[in-house]
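I have a structure I would like to understand better, so I am pasting it below and will then ask my questions one at a time.
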Amino acid sequence: MDDSKFWPKGTTRCKPVHFGLWMLFCLALAGWALVSAFLCLYKGLNQTNMNDYFAFGVWIVVDLAIIALGAGAFFTGFMNYVLRREELKNIINAAVIIGFICYSGAIMMLGIDIGQPIRGWFGFWHANVHSMLTEVMFCITTYLIVLIVEFVPLILENRQINKVPDLHFFAHNLHTIMIVFAATGTFLSFFHQGSLGGMYGVLYARPFAARGGVLIWPWTFFLFILSAIAAGPSFTTSIVMITEIVTGKKLTTHKVKMLMAKVSGSLLLFYLVLKIADTLYWAFVQTPAMGLSPSVYYQAPYGTWLLIAELGIGGVLPCILLLSPQVRESYWILLLAMLLNCFGVTMNRFVMTIQSLAVPVLPFEKFYAYLPTWQEWGISAGVIAYGFIIFSLAYRYLPVFPQETKLNPTTD
Amino acid sequence: MSSSASEMRFGMVIDVDKCTGCGACSVACMSENNVGVLPDETDKIRSITWLRVYQIDNGQPYPNTQIAFFPRPCQHCAGSQGHHTPCVSVCPATATDRDPKTGIVSQIPTRCIGCRYCVAACPYHARYFNWYDVPWPEGMDKPLSPFVAPRMRGVVEKCTFCFHRYQRAQNKAFTSGEAMGEMDYQTACTEACPSGAITFGDLNNPEHKVHELKKSPYAFRLLERLHTDTAVYYVSAREWVRRQADNYLSGEKLAKVQAGGGH
Amino acid sequence: MLPFVFEWQWDIGHGVFMGLFYLALTIVSLGVVAALAMTFYDLYSGKEVHEEGHGHEDPWADYSYAHDKADRGEYA
Amino acid sequence: MATHGKKQDNRSPADWWLFVLGFVLFAAVGFWATPAILYAEKPQPFQFSHKLHMEQVGEGCQSCHAFREDGSYTGIPSLEKCKECHGEEPMGETPEEKVFSKDYVAKNKPIPWQVYSKQPPCVFFSHAAHVANAGLECASCHGDHGDTEKLRTYEYNRLTGYSRDIWGWSLIPLDGPPKRMKMDDCAKCHRDNGVRDACFVCHK
Amino acid sequence: MNWDRRAFVKFAVGAVVGLNASPLVPKLMDDVAIWTQNWSWVPDPETGAVAFAKSINPATQTGVKARLVKARLSGQRVIRVEGDPEHPLSQGGVLAADAAAPQQSYYQAMRVDAPMVRKEGVRGRVAAEEAVQKVAAKLKALAQAGKASQVAIIADDPFSVTGEMLMRLAAAYGTPNLVFMPSAKQTLALAGGLMFGQGDIGFDLANATYTVSFGTPLLEGFGAPVAVRKAFAAWRKDPMHRATLVQVEPRSSVTASQADLWLACKPGTEGVLAYAMANLMIQAGKVDSAAANAAGFEQFKALLAGEYSLEKASQASGVPADKIKAVAEGFMKAPKAVAVCGPGNSGDPGRLFDFMAVLALNAVKGNLGKPGGLVLRQGVAWKALGGPLDLPGAPRLDGGGKRIMGSYSAYDLAAAALKGQPYPLEALIVVGCNPAFAGPQAKVMRQLIDNTPFVACVSEFMDETAELADVVLPKASFLECWGDCATPYGAAQSFYGVHQPLVSALPQTKSAGDWLLAVAKLLGGKAAEALPFAEAKEALAARAEGLGGLEDLAAKGYWMQEKPAYGFSFKTPSGRLELAPSALGKPAAPAAGVAPSKERPLLMAGIPSLRTGAGGAPMSPYQVKILDEITLAHKDQLVVEINPQTAHAMHLGEGDMVEIASAAGKINARLHLYHGAAPGMVFVPVGLGHTAFGMYLKNKGANFFEAVEVAADPGSGLPQWALTPVSIAKAGGVSHV
């Protein structure tokens, strides 16, 4: 079974049997997810460990994390098309694919997470415009459409599909006006990344999550955007680097990676300054005003190590690394710094979801901990498997990396 | 909080010193509103009791230990200082809404998509999600009331201040012509309480008992500092009970936050 | 999300929210329609399809991007 | 358009009719086939003539469908109400009444009528508010059901289980009750009469 | 026309666009969403006319009003049991058990829905005639063989019409072994009889301004709980100046917490405190005239001064002397003060000494027959069902005859029958109670049932006793049949409540009275003459003639003495108050209390709670649901309370799985550290641990009565199980922090 004629021009891919094995592994993960999804849909959400205190569980954490990490798509697109940083052209395709994976994966997970998926469209039909979640639902679905529109031309550039004239021209024309979609995507992403943060900031009756703000947007609105665009490029670049390690090929010049790292690092710095200011204000001014002390927030097992992990290991450390030129020159330490950056934003999403629900508000309530069931892990793993499958297929059959042929001169 | 003549604000005054935690209010509420029972109800944070009776104690060692009870229905918050009712403002599908005419927060299970954002937003844990499809074994569906629709799985439900009794009182008023009196619309828990600890009525109406009771110096509300402006007042002559209603820093004195809309 | 739905009352919240939302939707759909239109134009103007006749590494190379500085040989 | 290059000739103009054929065929399926599959019929226990009864009773609809003193509404009358006039021996000669007297009155078995306007369990419709307070005519929602000779066939939605009268005759919100009785139609009538309502006014 | 791929694509695109142009997609989306709102497995209760009917719940003695819906197709059903505002005792209040009653009677799996007979070990449904015939045949055979006295009957309430019918049937049939579940009414009647010659005593709580409750859960199961709570509400009407309530008991219970003052005494020393307060009042010269010239007053005064001085009492009870003094003074000064005694915290009938000490304190205060004090009740003027019948001569199995005033003990009966003295048991009939589960005799009763050749059971629920019985006759619930219940314990006015059938009973079920009449008819002879009624309603009507006829009694739901009868008369042998009762010859004195030993260092007592249900009747699903995690923990483990210091001393921690073992048996539970628990004690919820009743109740928690040790109370001869010495040890199983 030789699929070489589908490979992008001038590139070599691993033998189909290796690719088949890899696909089998991913499909096994996806199978586990399907079983979990069936159980949750058929028997109901009692299959999870969520309850009336933990209305949100690991699914929402993963949703928020992959949408934050998927921000690489819109921000790279924004820099490439709107800010005319042309060298990002070599990584924009990967960014778009990762963005598409994250958003479509998140929406599928939300489909299972809500109690009545069949009534999901009520959020659009009977919209409550004052709710941050409505804004999230509107923007995420619209931005997914934008991502699909950005992903389609890449698919149509597969060597065989490109032969069909209609599709060839359609892909080309879409590409010429891509700036329109990139700009709309940026506008939409700005709002829903913010609204995901706003979702927690507006909970004025939940002291841990509540924040002051400007007009209708709590500070978490802006903090979530900043942390997303700080982590997005890192996530995209680290995925590309991991693909390079796995396939043994150089996919983009190191210059592109250094640029992404530099952007990521500076945004991370900007975010950390604001985040630490917000945390200090929240811990020493806002919380006492509500009659609570930070020690109430940090109880076993969600102790202060979470703060250190989020802002220290996941924040300050990668920021320093990404901003120092020697690190950006290196390969492995750069990869490590970017992964730490992603780890930081994931911890932030975890803390804002799980810990804010664990903290009791009524003085006579108890502090509860939460541990997902295998079904919940199954569906989270399913999204990751879905990502592997889509990215592997895209890498194998679509011309994702323009510089690949030049960087890996084939012998014949 | 301004209240025009036509605007009613139904609320409760619960005397904690009369409540002995017997649970009659909780059971009467579940029987009145067709709340189901799962085979295993020991997981208390998944058990649906619209009115949950919390047990609190003064933390003193033997022999000065004292316990008391907070029956906690939905507080039907009005929200204040620019904030809406905590749960109503967050629902994406407008499945829950606060009726300005009666001050009651409604919950429509047939529109709820089960995203549970309102459950996370409510600081009083007064909202419950149907994690299970409630089993109705042979005979258990007979004592169901036709005036409240039983809920399906995957939706949120909460105390409605027995609004179906307001609807029936409204029907009676329409056909008989007289206006609705205080005693025409009473909740199931108010009627059930053997110690008469719960009083229900229109907080804005001077003739209703609650209008006076909420003015007692011993009256307080849960989590007053969050400015949720709740409709359920609690009364207790014991200072340690009043102190359990809100979060205080160790040194803070109780008088700092006064009940009865002193914000 | 449509004005004839039950509890619809116009207020600035609705105006701003729905306005921006429909704006974004129209921009995206116009973009796609524009691409389709250009495709039909290309099809019927008989433009040639540049298949793999010449194994040029960079698929974008032969398209004259006046503005595309990238292909003026500045690979690192 | 001018012909350009060799592409033009292998596209025969006949191609487009295939698109139109597909369009028309499936549009027909959508418009005609789905209602036929979606809605099914259930027979009434026996025929009933409102017209015949309206001529003989004193206060029109209220004589059988009346208010109770606590303001609730009887809706479909119970067997006891029928027994106020009917006995075990049929009064007229119509075959329906024989079935009624023999199978139901004699056996004292309640009549399992298919109710055209049965609202979903989550709806609280107050006749008191609409008839006693707002003074609406029965026909404004029930149409000419009161003067029909025979009961029309009862159709219900296979998927939702609700009678077609309340949610199924027409999709577009132009024609209101009795042709279309979805939530928006009730809301429209409320809005036109300046009644600002909360969810719990109509839901339970 | 070449049908190539491009043509097919065009057709397909046309089809898709065409389909979306039709209303198919929005219609299906809408209908599928509506389908989720109308699932078939979610019930749609039928509406109908609402009606109300009055009734009384015999289990909780609350006057209730059932809310009925008369639906067009499915007929009449009860949807709510609410309080009856016009009822003088309950005044509209209900308990959790009342509000959950509809579930209890409708839930099929719990109910016995048809008569059952066990053939070769397999229990099968039979027709009513066959079941009754089997019971009657067995009894007739025994009577002919002269073994009539070797039949025992266990019932729950001696004052109900069923109780009276059972007395007449037992007497007519010829067996002396009719035993009722022990209750505090008997202890109070005994104490009153000894000191005043009056058994029918009540406490006028509503008018009292200073109440001292000795060792009884006043707010958690004393008398008619709702009536007491209405008095409690009256005390607390105005939060600024409230009537005082003092609770005397070892544990910080609900009553102790709601009381204005709690005297945390050592277990079993409540009576000592009552005597000490009386002594203080005598020392202060504040003695009522009736007490001053009571029989044996000098002897009483000397005993109190000697044995029960302030220091001795404080030392014995562990309560600081100044607190005892303060309460004694408060009791002295208050215009309308009353001391209250009643059922113990473990549901036991109470110790006679404690009751007599409390009555003596009331006598010294002089509130006998005064508002807010001890009052005599007029007694319900119901008509007896027939002429007096002579009691059979044979000795009673539970040795009841020897004791004063015929007290009952199912425990002694079971123990004696097992030993075969004075004679073995041939047949056992259980009517309307669940002795194999509820009550100290649970373990012994199960052995007795196994060894008794014939066991018949008239039961509403398939409970533990019914599951072991040979014949089970389905009893109707109080919502489905005629029945009554008499004055609750400690009520100030005598009372008589009637419940009527509001809902068509399950086809085969009848009231207990009907089943007795059916058996009596088949027995014929004297038994038939003793109960000359066609159905139980007729017997009730006969009884109700004294109270103005059954019809308007049923409509009103109750008969009640208008207001408490103030004024007091003594019917003692000496014609006056007897502080040293002639039957005893000296004032009451406590016997040696139950003491913990080395290998059983702790004392176990029950936790009185209105949530865990009353007596053998099962808790309905709603009641099980409101048990919080300090009563029934995750995975259905019972939770017991222990004082943190005691637990620490025994190296036990919060959430440990422990095994509590006494001489009689052992139970497994999870430990909960509670500051309010008295040191050296462990407190166990009562009423859980059923092994029957289907998924809502089966195997939830452990049964307190499995580990209870029973001893006869030296004074009243009634079984006494308030305190049991137990050992406590970790029982493996991971502790859930």
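Note that the chains are named A, B, C, D and E in the order they appear, and that numbering of residues resets to 1 at the start of each chain.
Keep in mind that, in the parts below, contacts are C-beta pairs under 8 Å (C-beta built on N, C-alpha and C of every residue); 3 or more make two chains touch, one makes a residue touch a chain.
Just so it is clear, the model here is predicted, and its values are computed rather than measured.
Of all chains in the assembly, those touching subunit B and also subunit E are A, D.
Of all chains, the one whose CA centroid is most distant from that of subunit B is C. Two chain pairs, D-E and A-E, are weighed by contacting C-beta pairs, with D-E ahead. Using CA-based centroids throughout, the chain positioned farthest away from subunit E is C.
Put simply, the chain closest to the centre of the protein, by Cα centroids, is B.
Separation between the centroids of subunit B and subunit C, computed from CA atoms only, is 53 Å. Chain centres here are Cα averages; for subunit A and subunit E they lie 62 Å apart. Each chain gets a centre from the mean of its Cα atoms; for subunit A and subunit D, those two points are 50 Å apart. The distance from the centre of subunit A to the centre of subunit C, each centre being the mean of the chain's C-alpha atoms, comes to 24 Å. In subunit B, the positions touching at least two other chains are 43, 94, 97, 110, 133, 147, 149-150, 154.
Those residues of subunit C in touch with two or more other chains are numbered 5-7, 43.
Within subunit D, the positions touching two or more other chains are listed as 7, 70, 72, 120-122.
Those residues of subunit E lying in contact with subunit D across their complex are 1, 6-7, 10-24, 26-28, 31-32, 34-35, 37-38, 40, 44, 47, 49-50, 72-73. Residues 14-16, 18-31, 34, 38, 68, 70, 72, 74-76, 78-79, 110, 112, 120-122, 157, 159-162, 167, 171 of subunit D touch subunit E in their complex. On subunit B, the positions that touch subunit A within their shared complex are 43, 45-46, 54, 56, 70, 77, 83-84, 86, 89-95, 111-117, 119-125, 127-133, 153-156, 222-223, 225-228, 244-249, 252.
For subunit B in complex with subunit D, the touching residues are 96-97, 99-102, 104, 106, 108-110, 147-150, 160, 163-164, 166-168, 170-176. Only residues 36-37, 39, 41-48, 69, 71, 77-83, 90, 92-96, 98-100, 102-103, 106-109, 111, 219-220, 225-226, 229-230, 232-233, 236, 239, 242, 252, 254-258, 262, 264, 609-611, 621-630, 632-636, 643-645, 674-679, 694-696 of subunit E touch subunit B when the two sit together in their complex.
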